[in-house]
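Look at the two complexes coming up: chain A is in both, with chain B in one and chain C in the other.
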Partner chain A sequence: MLYDLLFAPFVDYTFMQRALVGSCAMSLGAAPFGVFLVLRRMSLVGDAMAHAILPGVAIGYLLGGLSLIAMTLGGLIAGVIVATLTSLVSRMTRLPEDASLAAFYLLSLSLGVLIISGQGNNVDLVHVLFGSVLALDNAALLLVSSITSISLLTLAVLYRPLVVECLDSTYCRSVSTFGSWTPVIFLIMIVLNLVGGFHALGTLMAVGIMILPAVVARFWGRQKLGLMLVIAVASAMLSSWIGLLLSFHFDLPSGPAIILCLSTLYVFSTLATLFKKQPKPLKSITHSITSSKD
Partner chain B sequence: MLVWVVRASSDSCVHKTRALNHETNQSPENELINHWLKGPFNACLARYYFTVARSMGSIQMTIPAIQLQDITLSYGKYHVIQQLNANINKGALLALIGANGTGKSTLLKALMGELKPLQGSIHLNGFSHQDIAYLPQRTSLEQGFPISVRDCVAMGLWRKIGAFGLVSSEQQRHIDQALETVGLLDMSETTLASLSGGQMQRALFARLMLQDAPVILLDEPFNAVDEQTIQDLMALVKQWHRQGRTILSVLHDQELVRHFFPETLYLVNGQGTLGNTAEILKQYHPSWAA
Partner chain C sequence: MKRFTRLWLGAGFLCAITTFAPLSYAKDTPLNVVATFSILGDMVKSVGGDRVQITTLVGPDSDTHAYHPTPSDAKTILKADILFVNGWGFEGWLDRLVDASGYKGTLITTTQGIDGLPFEHEDEHEDGHKDEHEDKHEDGHKDEHEDKHEGKHADAHGHHHGDTDPHAWQSLAHAKTYIQNITRALLAADPEGQAVYTQNRDAYLKQLSDLEVLVTKTLDTLPKERRTVVTSHDAFSYFADSYQLKFLAPQGLNPEAEASARNVAALIEQIRAENITALFLENIVSPRLLKQIAAESSVKVGGTLYADGLSKPDGDAGTYLKMMKHNIITVYQTLKPE
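Then we have the complex of A and B:
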């Protein structure tokens, strides 16, 4: 009975196996970057960037139909262009970066929907906006897995600069020329993961598997970055598994089911934190610097 | 008698030298000789005085570590600092004072290489921008970041270990020493978010210690910090000064400036005046003078 409920769908059906592998790969690649987004107080930037890739995806769709490569490349280029334009506009004008980002993502979203609506049908539009994790083919799986591999490798290389940059960007730039490039590479990785995610979850939902696990991890991570990264990946994978099962048993759309599971974890975490014991106050310092060595 | 002349004049000459250095690239000694005693005979005589005096150890020539030559610093069309000239000597302990918005932090950013002068140039003698240790204002730091005090302090080793290097056991001992010096060894595994303002400042000073830099820039290091912490951290600053490091600190506390900083750079209306603290305070900031 428990086996039929929890494991049988993944054993019996190939499309469920593909969906699970795809969403777990996305969890592994996107969730750690989501943690850094949340820690940098840039959660909404992820959301805006997810919308910003839409016109690129739409132009890719226009040129190559539902071609994986055309839509992926289009999304990637659009994301990088919007990120660059946002940064340029905020540097050249007095407009804050979040305001120019909001303007660009709304422009992108409306442009993307217009292109797809004009050339395709509603089914195509729904596919692009909400994805279809149950319809992942080999090529899409390969793409998502490749993006995850690149993400993990980049994270391994970028980990220390990213931590230093998040904590103290001025210090990071002062000690390393690499420090100036860290936010740029970081933003490119965000766009790359969102582009990978949109095939399964759509442009509107892809950011969910990036930000929500990070928010959950912020509650349970006990102020330890390593633990937060593990919790984020684990909660994203757990939600993918439960979401796909709910989708299978109750005939629900799979993408929203996964994101709803993550949202449930978030609500539970919030409530648990509200009832958690307050930490003990720390002792104060009475030390004096007396042993100075020249 | 000759030595007495040089001794008596050397203190006042130091300031003349600083004022002159930006005009030519000559050594301070040559400039001093040429300016102080005009004419070929007098210059010859002065050169002899200096040779004798130096051999007897009676004077020390000051070497500018940082030369600011006619620098203008601006944000867009707004010039924060205009045509500032100043020579900051090697081993100086210098207070940077002035009202809010006069360009103190901007000047530090320029020294760090973060902000390029619109006009003029900054010469760093014998070191590069990367050899400068910088303590930013606390507002630029994300204290909620989930990291332990020890890991934060260990970031001071960046130049030695880079982005991928491991921390050796000897470096671990250095981290322990730095934490112990600032009184945070017992709290090394505590997260940054748990630290008070003063404790956070102690952690950042420990990070500075590990950076082991010849030039240290401090941007309002004692703001909203209790008296005991100020005393402890000032002891560290004095220790760095004794070690021959060049230290510039933005300060708003008149007592600290007057008692601990022999030199002051006073910024007002885009202009700056560098000199002996007592004289600067007397001339430009009488309310701060003793």
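Then we have the complex of A and C:
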């Protein structure tokens, strides 16, 4: 009975296995970066980036047709350009990062809409461009898992600069030249995860699985960064599993079901902490650095 | 010398104009007509010939469901003498566009007189959607009768479909009604073109009948157990109804809806249980989900069918007739017993 409820769908159907593998891989790659986004007070960057990659994806579609590679590359290039320009401008002027990102993503979005409407081709682009969790083919799975691998490797290399950057970006820049590139690489990794997520899983899934677990982890992480990362990944994976089961048993669209599970976790966490105490600002993050140095 | 020939040509041209002037009087300003999507546009062009200047709002390989009208569309409509629409909520954006443009000309609903099918989602899945379906069926029957007389039931349905399945052109028999409606409207607006219009109409009706002969030679010969296929959205109920086929679709009628895991699983089960052999892609819908289902249930992918829009002029389905022929032959080739 319990087996039928929890495991049978994944044993019986390959598309369910693929959906689970894809969303778990996505959780592993995107959720940690989401944690850093939340810590840097840039939770809405995911949404902004989603719009920023549109012109690239559209150009990729127009040049290469319905090819995963063309659209991913296009989106990636557009995203990287926006990310780099954002960081450059905020480094060279006194404009904060989010303000210059807002400017660039609007610029990019309007370009994208212009390109799409200029073509007069009215296939529902959003539907064509963005995949569904249930339709993961080999190419899409490969894309998601390679992006996850790259993300994890980058995270391993960049972990300490990222933490320092979160606390004091001026200090990070002054310590090494590499430090000043940290925010750029960070934004590029965000773009990479989002672009992969869009094509494989859909817009809602990509942004949702990045930010929501991080917010949940912020509540339960007891101000320890390592714990927060683990909680974020774990809650994202748990929600993917439950969401897919809900979609299977109750006939719900899969992407929204998964995101709704994550949102439920978030609401639960909020209520739980409301009756306890507020999360303190992240002071003890320095401990995690010093302790990991030993 | 060159100048001389030109002069002669000019003179000849003048002569031609003056001699034929009374005959081609109306031709100086061809009838300005607008059709909402590529299939309708092709039909109108076939009947109207040179006497009409046709503009199509939603071009080939495009999705009429997802279309967003532009200001230039409003301008186009405003200049039109006749606006041809499919009706039954197919062009969900049309009412707003007509209102916004202030169009006062004739609006012809080409499905007028066709006995529409209500939405059908039979045996796709068991209980999940039942209540919803029952509602739809009830409404469907009620409206069906009104539609028969009015045909113009698209209002008030907003972006979504009404209760009648709008894809009536997927049946050759209904296509004849489309052609009759179009001819009637053109005749009313331009009586002098009667000879041209009726001649074109008769020629087109003959071609439709020829295609029906093709159907009896191909699809009608299929054995009973090889008459079920899978497509990506429910646009083929008229095709299925006319030629005794069964079409299953994982996503319901509108490509905008997202599939649920249960729905996909039910479809895979059904494909396995009923030994369904063929699965078709569509020109305007992303093929990923269908390919996934095909891989899982080891069904062969039978090629692309055209549902809501023509292909580019040089493609498989550049005109309505080519499209129907392509669909019939594609379905037959895939389904016929080896």
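One rule holds for everything that comes next: the second predicted complex is superposed on the first by the 227 of 294 C-alpha atoms of A that agree within 3 Å, B and C clash if a C-alpha of one lies under 4 Å from a C-alpha of the other, contacts with A are read in each partner's own complex, and residues count from 1 in each chain.
Operating definition for what follows: a contact is a pair of C-beta atoms (placed from the backbone, for glycine too) under 8 Å apart; a residue touches a chain by one contact, two chains touch by 3 or more.
Bear in mind the structure is a predicted one, so any value in this text is a computation, not a measurement.
Applying the stated contact rule after C-alpha superposition, one finds that A:Val175 touches chain B and leaves chain C untouched. Of the two partner chains, chain C is the only one touched by A:Tyr13; chain B is not.
Judged by the touch definition given at the top, the superposed model places A:Met228 against chain B, while chain C stays out of reach.
When the two structures are aligned on the shared chain, A:Phe248 is found in touch with chain C, with no touch to chain B.
By the touch criterion stated above, A:Leu2 is placed in contact with neither chain B nor chain C.
Contacts of A:Leu274 after superposition: neither chain B nor chain C is touched. Shared interface residues of chain A (contacting chain B in one complex, chain C in the other): none.
Against chain B, the residues of chain A that register as touching in their complex are 39-40, 157, 160-161, 163-164, 166-171, 173-176, 178, 221-225, 228, 279, 282-294. Residue ranges on chain C touching chain A, taken from their complex, read 58-59, 61-68, 70, 125, 128-129, 255-265, 268, 284-289, 291-293, 295-296. Those residues of chain B lying in contact with chain A across their complex are 112, 114, 129-130, 132, 134, 136, 140-142, 144-148, 152, 155, 158-159, 162-164, 181-184, 186-187, 190-196, 198-199, 202, 211, 228-229, 231-233, 235-236, 238-239, 242-243. Interface of chain A with chain C (complex): residues 9, 12-16, 18-19, 66, 117, 120-124, 127-128, 131-132, 134-137, 140, 202, 244, 247-257.
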